[in-house]
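So, here's a batch of structures to check.
In the two assemblies presented below, chain A is common to both, partnered first by chain B and then by chain C.
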Partner chain A sequence: MSELLQLLTPEGQRLHHPDYDVDISGEELRGLYRDMVLVRRLDTEAHALQRQGELGLWPPLLGQEAAQIGAGRALRPDDYAFPTYREHGVAWTRGVDPVSLLALFRGVTNGGYDPTDHGFALPTIVIGDQTLHAVGYAMGVQRDAGLDSPPGSGVISFFGDGASSQGDVNEAFVWAAVNNAPVVFFCQNNQWAISQPLSRQTRIPLYRRAEGFGCPGLRVDGNDVLAVLAITRAALDRARRGDGPSLIEAYTYRMGAHTTSDDPTRYRVETELEQWRLKDPIERVRAYLLRTGAGDRAFMDEVDQQADDMAARLRQACRDLPDPAPDAMFAHVYAEPQDLVQQEQRWWREYLGADHG
Partner chain B sequence: MGEPVTLAAALNQALHDAMDDDPKVLVMGEDVGRLGGVFRVTEGLHAKHTDARVIDTPLSESGIVGAAIGLAMRGYRPVCEIQFDGFVFPAFDQITTQLAKMHARSDGATRLPVTIRIPYGGGIGAVEHHSESPEAYFAHTAGLRIVTCSHARDGYQMLRQAITCDDPVIFLEPKRRYWDKAELGDVGEGLFQSRVVRAGGDVTVVCYGPMVRTCLEVAGLAHEEDGLSLEVIDLRSLSPLDLGPVFDSVARTGRAIVVHEAPVFGGLGAEIATRISEKCFFSLEAPVLRVGAPHAPYPPSKLEHHYLPDVDRILDAVDTVRGM
Partner chain C sequence: MQTFRMPDVGEGLTEAEIVRWFVEPGEQVDVNQIVCEIETAKALVELPCPFEGTVAQLHATTGEIVPVGGDLISVETADEPPAREPVLVGYGTSNEKPVRRRRRPTTPQGTQSPEAGPPGAETKPVRHGGYEVARSTEERLTTEQPRPRTKPPVRKLAKELGIDLAAVDPTGPGAVITRADVERAAAQRQSAPTGSEQIIPVRGVMRSMAKAMVDSAFSAPHVTEWLDVEVGESLRLLDRLRERHPDHKWSPTVLAAHALVTAAVKHPRVNATFDAEAEVILVHPAVHLGLAVATERGLLVPRVANVNTMSLVQLAGAIGTTTEAARAGTLPPADLTGSTISLTNVGVFGVDGGTPILPPGQVAILCLGRVVERPWVVNGQIAVRPVVTLTLSFDHRCVDGQLGSQVLSEVAQFLHDPAVGMAG
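Here is the complex of A and B:
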């Protein structure tokens, strides 16, 4: 498929596609709208908390709400997702408390939740490492089902356009293909890897790389939540059936900075942002809801109120997060007791107890 | 007990038994299946357990460790083979940033019981990257456990113990000792305990892996030729270090040397010597000396007998430490 799959235009016009489509109820559509508004609000609030000194850093998802909610809502509870550090929207769909995400970026934990509770691994910060974990996990799913049976559940690995240059990501493609692993590689091509444009990572569209590895490559309008949902569902179904991996390139745009430490005005022009503002992922759903009557202004006001309430809760919960105890760093270095760690922890406690703290 | 077997055969037996005992144990690596591994340590496993449990992987070391992490997250207990020591570095990132840290990152929620077997060390006349001793790189990273066996009996038991450990274990196999034979049998020590392999009162010789046999030869010669009694200690575990027996020994001998194949500079010997000086300062009659490789890349194999510590160089260090 060479064109960009789109089921909802930026103007809110519904399109149909013979292979990839969704039959979606008004309630589901309102749910996707609510998800996107809430995660945008979560993102805005976290950004503000960073500016107020409550967080050390925040990597904003602004502009990528449809890619993340569409992909996240395509997952079933028994599927498993491997995120980067920007997948706040996917985390939301997996039931991870946003306060856990704030805790990580506040610096009170390097994790924040139990991955097995959510089928959602901890964020990987070294770029692309998680793609191999996803393939290994998928190989485990295959083995649980028996290599001659359909795996039954799917695995999805998130990464970005920058990560597509990493060796591990390319190794993951090879491993997934030769093992026919039930994994979906979901690339959010947001056009920028900090300051480097896509042209510094690739000479061909990213989805076309899939052919060289021997799996389908699909490109979708990453700002179209319906198209992302449709194509990710199809790729996950394929994986669950035992038909192997797929690569999805969700074509989107990072509207914000790479992180709160970044200054994008040094490397990109305002006109580019203006063009992408016209393709906003939430506005097109709002327009479609209003035009079809599936959602009215009262509904949207209610969602906005919900977003305000959530933001207030997050603000307070973030400020209330206690600092970890000084010797917490020793607690889980190893799963089994280890002499050196125990010795050093004892020393540390005695040192701090002697009022050097 | 029974017939003596080679270290390679003992390790192979350990893998067979571990796979028989626990259906979650998988073996994965390059050429480990149909070929049985380039050193035949995985021989016969694929015939018994098929692709479901013995995975011939793509030629991709980072992939081996990265995928093993994912398999462990799914509840498996992968035993990875890295074909040669010098080929582990493509996997260095996955080992040090992911495998080592996931348990801490998840506040204990995620255990990664992955064993990484690496044939290591020189002395077999190989080409570059096939003779290295990378243990210090890994010992420097918290969250990993590093062990090394010196003979078949330890090899069998230590590999069995490593596979049941809930932490990631780097299991270093001294490849030039693969063909040394010993009888299998019970081993008293735990996986992370050192062992006094020859008692003596004049100088403490601390060693591990391939150097244990060499140091025992040194102790024999020193006794025959000079009437010296060297106490030889096989560390067995490099992280954590079990230095209690070393401290006890140095308290009696007052002199110690540390021997490894790896380069001296920044090596395990530096850590061990420092800890001896911290614990045994008032017992020491001389500085702790180190015997190892020079700060130079592993040389062409025609020179490796100069690069690696040998009986003469270790005896020279014994003389030096006694003359101080």
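Here is the complex of A and C:
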């Protein structure tokens, strides 16, 4: 395929591709637009909450809405996703309540939701580890279906351009390829691994690494929600059929900081942001909706109102989150009660109950 | 009344310095409006206000260091106060008073204290996809000065020595300012000559022009060709038109525009956009002429739409009104973009030609030089004739040398013999 799959240009012009395309209704298109606007609003609200002392940390997704919504909406309920800590948009598509994410980054829970309810694992903070988790899970799916049958369900693992240099990620590629695991490696190449530019990770386009591991590599305009949807659907179908793993490089840009603890003005220039601002994932869908008449101003105002209402709800819900009991940390160390853990829990309660002057 | 206290914005920080305030007591603030900028050991951070209401008090001044949990700003609100404090403020430091920073040695004459902030700078929301994601002063938005790169201890040293890091030459790897660089800058300060560079912020029209030129110059492979042409007939025609239609301005630009439009209609490939990403050439159905106009605010390229349907008189009228409106700054933004081919006149500056840079998205631009009397060979004899140099730049991805040359020579023939040119 060509270097970069694109179905919607930054100006909102619709392109077509013989192998990867989507036949999408006006309603579906409006749904993708609504998803992206709401997720952006969720992200900016969480960012503000961190700045007001309500969250310990927040990794913003600004600029990556199309990559996450496109990939998330390609998943079926029986598929399973393994995210990094930035996949708030994918979480949204999996029905995870955003308040659970706020609880996690507020530090009042170690998880906040049951991954099996959503087919969405807990955010992995250690860079790249979730690719191995995904391959292991995919091999399980493969074995549940029987090695001679199509797996039926697909698994997707998210990671970034920085993680592509991790040993774990490369081991995951090897394992997935040699075991023909039903997994899609979805790399959001947002150009920066904290302060390290892409040029410090690779000498070739990341998607071309796949060839060396023995699976297809595809590159897509990560700011084009339709192209991401099309290519992820195709890769997941391939996995479900039993044709093995693939690597998708979604070419995008992290418009904000790495996390709220980072200051990107120290290492990158404004002109680069200006270039990427012109490629905004939401603006192009807005332009396309308006031009084709699939969405009008009234619809967009309604979505904006929904976003405002959601932000107000999140703000209040975040402030109302209860603090966990001090001994809650002992609760989920093991599935079953363990003598040593229970003993430590008793000591901890005694310590808290004692007068320490 | 509710008080916003210094949050820990960076995973375990204990204090931060107030860099600037964006609001004053008495001002109305909204939820999430950026009220101040702080500098921590890690980052410059803008703080959004958690409350809506009227600013009652700022608890610290610019340059003060406020501990995490210390009072920042109090807001008179209509709502009940929240039941509980934010979780991440006040880790045992809330009773501490803000401390006044040690005063730095006096800054050198002519340089502005980096802490003071630009005088009278206006704060503006930074929007991304319709949302305010940050708030910035005009200065920060437009000058595009990347922040000097250095480590916090060196930054601290520079502050103590009163050295403006922006003026220090970095020698460390990756253009990082080292401790030695700061010490050298401090040593040189005594012997520095008086007077400093004039700093002109790049903003507004000038900024747009700078960006457009860089975008175009480094993406479209430009080819420039030129040709001298004798324009006696054109000048006589313009004289007659001035008598007949005295309301219009009949400059050589009008005829050159007409000649260029005629050529563009005949060769639509020069009235096109090269879309490198999509790997297509978009040939435009109508000709919208971009006119480079020098204004007080900088260079503008307003659009005269649908010139391919205009008579010469209509064209003269449209060019006149558009250039006047551009100079007066009354053109709607839509008329400043969307041209499909451009014309620039450097003749008005007394110059013959140059290498015009294509406006982004266009593949041809014609440049008109001054009309000047030169020796010209007529029927084997040297005669004195009015001559003008025409220069054409084109995007070689879309327009090859043959087509470019043909267009240039047809424009020249038109101006040499306009009656025949207008016949088509």
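Criterion: the second predicted complex is superposed on the first by the 353 of 357 C-alpha atoms of A that agree within 3 Å, B and C clash if a C-alpha of one lies under 4 Å from a C-alpha of the other, contacts with A are read in each partner's own complex, and residues count from 1 in each chain.
The working rule: contacts are C-beta pairs under 8 Å (C-beta built on N, C-alpha and C of every residue); 3 or more make two chains touch, one makes a residue touch a chain.
Predicted model, so just to flag it, every value in this text is computed and none were measured.
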Combined model on chain A: chain C and chain B, fit or clash: fit
Chain B versus chain C as contact partner of A:99, first or second or both or neither: neither
Which superposed partner A:290 touches (first chain B, second chain C, both, neither): neither
Contacts of A:109 with chain B and chain C, given as first, second, both or neither: first
First (chain B), second (chain C), both or neither touched by A:9: second
Per-pair minimum CA distance [chain C against chain B, superposed on A] in Å: 20
Common interface positions of chain A, toward chain B and toward chain C: none
For the chain A and chain B complex, residues of the former touching the latter: 109-111, 114-116, 121-122, 124, 126, 129, 131-141, 143-144, 146-147, 167-168, 171-172, 174-175, 178, 329, 331-336, 338-341
Contact footprint of chain A on chain C as seen in their complex: 4-5, 7-11, 31-32, 42-50, 82-84, 86-89, 128-133, 144, 146-147, 149, 211, 275, 277-279
Residues of chain A that touch chain C when the two form their complex: 2, 4, 6, 9, 13, 15, 37, 40-41, 44-45, 47-48, 50-57, 62-63, 106-108, 255-257, 260-263, 265-271, 274, 277, 280-283, 304, 315, 319, 323
Touching residues on chain B, where the partner in the complex is chain A: 26, 51-53, 55, 57-58, 60, 62-63, 65-76, 90, 93-94, 97-98, 101-111, 113, 142-143, 145, 165-167, 192, 239-242
